[in-house]
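Look for chain A in each of the two complexes below; its partner is chain B in the first and chain C in the second.
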Partner chain A sequence: MASPSQRPPSKLEVFVLGFIGLAGFVGLWLAASTSGYVPRQFLPTPFDVLARAIHLLTSPFAGATLPVHLARSLERYACGVALAAAIGVPLGLAMGWYRWLDDIVTPVFDGLRFIAPIAWVPFAALWFGTGIGGPIMIIFSGAFPPCLISAYRGARFVDSKYIEAAQMLGTSNLRTVAEVLLPASFPSIVAGLRVGAGLGWQSLVGAELIVASAGVGYMMVQGQSNISTPTVMAGMLAIGLVGLLIDVALRQMEARVRRRRGLA
Partner chain B sequence: MTHVKPSSARLRLRFTRRFLLGTASVLTLLTAWVVLTMVTGTISTSRFPSPLQFWQSAKQIVTVGYADATLVGHALHSTRLVVIGFAVAVGIGVPLGLLMGWSRRAEALINPAFLVIRPIPPLAWIPLAILWLGLGDAAKIMVIFFAAFVPAVINTFTGVRAIEPPMIEAARMLGTGRWRLLIEILLPAAAPMIFTGLRLSLQASWTTLVAAELVGALAGLGRVLNMAQQDIYPAMVMVGMAAVGGLGWATTRLLAEVERRAMPWLPG
Partner chain C sequence: MSAIIFENVYRYFIRDGRSFPALDGIDLTVADKEVVALVGPSGCGKTTCLRLAAGFELPTKGRVTVGGQQVIGPGPDRAVVFQQFALFPWKSVEENIAFGLRNQGAAASTRQERISAIIKLMGLEGYETAYPHQLSGGMQQRVAIARAYVLDPEALLMDEPFGALDAQTRIVMQEELVRIARVNPRTVLFITHAVDEAVYLADRVAVMTRRPGRIKEILDVRSVRKAERWNDHERIEDVMDLESFVHLRTHIWRSLREEKMEAAP
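Moving on, here comes the complex of A and B:
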């Protein structure tokens, strides 16, 4: 769009340019690691990383194979995000409905919001240990704010005529929240869940680097202390891929919800 | 839910109520903190500090110091790293985003390679940074760079792409040169999105720095947290968290002020 005088590139051109870009990226990386200026131990080639990743699929490192580490990470992740959604969404909806609750919770929430989720690590370790509880608390603190805020915004911006109609028909508060507010703010909630899930995944990585005794983050820390750069990079690859998959899945869910509502 | 526009008297009442309830809520929490830790002892102070311990630890780190420096020393150290990493990332990321937004060909060339880096969470760079650069400042700056770079590029790119073509066509028809087009049309029109990107970058910078310092550092607020965790010193953990939150808040406020002055045409 931006430069109208330019003819937009054809599909083929986009593909070729993209290929050149990627090839340049991989080529520079290869050149740097095979040139000998950097020890190969610290900058393995892309193929070394892939080979290491495939090797880790079957042979254990830091106590488990890569799939097992991933499974441990995902288990914690699912618990943390589910907890954040289970508390954040109802609380957000209720805050959108009851002004007094909003007035009471908001100052406390605002006071805590600026503390980076990762700064909870020492307390998480002290209170819940380094097994599954500590990391879950970190994931929770990453995923909770978007869940709460999106449900709150969703509830606050519901078209008032629905609420008036419900109230005119004598619907109770609880039923109004469950049957009017919740469905009406659903698109906003799903968007918030997606953001929360993304932040939760990031927090998980941080938590596992510091307090865990299993998981992909733990595997990377072990790789770091064994000066095994391919292991560290294989971990980055796995984390990036899984994060991407989670994001794509949630985006599709969000698009489906929006389509069904006629919003897209 | 108010559907009729509230009168000013009602609005004032609403603000008063909001203020009173908010104050009451915070005061209740503070009282509960004092009572539960210092009077009844329901919460063990080996797990959660009392207000008195918090105050003493704060005094200790401000006057004597903890983990080899005073609070101001640690805070300055962390802030300096955030500023450097953020500045480098923005200095490269915003021009790159502008370029990709302006030229479809540049986008086609750069985007696939960028997409390889983009899904990696900033915190996942920490072990690699330590392997390459050790526990010093350079590793922290590298990690902050990757955290701040991605949002800066994406939002600048989106901002340029969202500009309505007639605006650019009009400027071109009037014979505006390339540089003037960039300075007077593209940058101002994309500025709101660019600042959204900068805000996200800044938050990511702080989070990542704290994480990197927690994993291993020689100074900084994350090191305070790390030492306090190892010493099982909950009060100092809390002081560290308060400092992290306070600095995060202050830098966000600062950026909001810059944003307000840079875009005087926007309301509020």
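Moving on, here comes the complex of A and C:
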């Protein structure tokens, strides 16, 4: 909370302060890894990690280069998130419209949603295997709850005037859900997709713990068994950067949706 | 025939386990192709009356019929024009107007014909592809009226249709509504705060008591309008200057003021 006497910082100040924070973080890291108290092998310097990441761009580790690992990860990730959206959004909207469906699904959903994606790993491996099915299911378990909740909340809080307008125009239930509830809750749904996409990406490494072929998580696990900390940290760097890019892209999409609707 | 008939209608609201009367025995008939304005102190249940005719709510006792059919839910035979327009913001002007017609499964060509006709009638040409938030309040309300009119409904229900508009736009829209009603007469029940508007637009004005609402009196504007030849005047301000208009308006004002005075502690 800003105290009332504080004026809002200018854009330049925000940038400079952010830079100071990042530089401080990297500086501390650098100091720790060069201090001699920690073996370089366990805490490489930021430059070691960067060099390792650049090296991995072209030379394969654990069977593939970093871009190929990333591509395989993104494939699984896209499948998991798409599945979560394809099931979560329609189900959430329908639950917002039909009270009985809400009453049926909510207890099951509430019972399951506190099981973290990582906790699904053994089960997913047993049921769906370590090929494509298991990892997708784990990513799905991370991305699904926000998709469903945002669509449900969006549908439940649609301004009643739109529903009444649809009713007096003689609109069927199906068309009301598809052409009134869906677009009316679209800003909420897009916000939920953004959260879901983030959580899905965060579940990725967990999902790839059980993978036996390729993927950033797989690469990191292999790096761990080879005691190659720079490889592990290069993987973390890649995950962080790609996650950030996904979030930025979805943020822009959300802003565009809101602008087109005249909301912002 | 498409009369709107309220037969001894009661409506109670339950709040905190107690029941509050909102409407206390409403009897009102809006004859076929007649325009009736409902005025009354705020909170008297005008909007509830309209919502009962629309089918958004059901009476606790008594019944509402439109065109001989008892109202049991909302439907396109009773088109509603909302105070806040309630246009779909994600649909263009044309899509908003087409929405109800598509529900009726009309063929694309007839649909287009009717949409073009209503767009022309409402002066919305050139705005077909615009989105509601790009339009002024007056234009949005034109779209809302077009969306209702295009369905060719038995009855048109309007909840303070011009309440959200500025004074000048309001006058333009009132004149417009009179013009459209001459081309295409409908059975209309509308609610308003503005006594001027009620006298100018309606064939009869029904004055309600304060809550719980009852019909206090009904004034026949039509016979005065005919006798005093209001329709010879093109402009709203000329009509509003006529002695017979002022007389009616003052009468309704007094009637409403009585209700407000009695409501005071």
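Note that in this section the second predicted complex is superposed on the first by the 237 of 264 C-alpha atoms of A that agree within 3 Å, B and C clash if a C-alpha of one lies under 4 Å from a C-alpha of the other, contacts with A are read in each partner's own complex, and residues count from 1 in each chain.
One rule holds in what follows: a contact is a pair of C-beta atoms (placed from the backbone, for glycine too) under 8 Å apart; a residue touches a chain by one contact, two chains touch by 3 or more.
If you're wondering where the values come from, they're calculated on a predicted model, not measured in any experiment.
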item: Which superposed partner A:164 touches (first chain B, second chain C, both, neither); value: both
item: Partner chain(s) touched by A:184 [first = chain B, second = chain C, both, neither]; value: second
item: Most chain A residues touched (candidates chain B, chain C); value: B
item: Contacts of A:175 with chain B and chain C, given as first, second, both or neither; value: second
item: Partner chain(s) touched by A:205 [first = chain B, second = chain C, both, neither]; value: first
item: Chain B versus chain C as contact partner of A:10, first or second or both or neither; value: neither
item: First, second, both or neither for A:223, with chain B first and chain C second; value: first
item: Touched partner set for A:235, first chain B, second chain C, both or neither; value: first
item: Partner chain in contact with A:58 - chain B first, chain C second, else both or neither; value: neither
item: Common interface positions of chain A, toward chain B and toward chain C; value: 161, 164
item: Contact set on chain A toward chain B in their complex; value: 1-6, 8-9, 13-14, 17-22, 24-25, 42, 99-100, 103-108, 111-112, 114-123, 125-127, 158, 160-161, 163-164, 201-202, 205-206, 209-210, 217, 220-221, 223-224, 227, 229, 232-233, 235-236, 239-241, 243-244, 247
item: Residues of chain B that touch chain A when the two form their complex; value: 1, 3, 14, 17-18, 21-26, 29, 47, 101-105, 108-113, 116, 119-128, 130-132, 160-161, 163, 165, 168-169, 172, 186, 206-207, 210-211, 214-215, 225-226, 228-229, 232, 234, 237, 240-241, 244-246, 248-249, 252
item: Contact set on chain A toward chain C in their complex; value: 161-162, 164-172, 175, 179-180, 183-184, 186, 261-262
item: Interfacial residue positions of chain C with respect to chain A in the complex; value: 54-56, 73-76, 78-80, 82, 84, 86-91, 99-100, 103-104, 131, 133-134, 147, 151
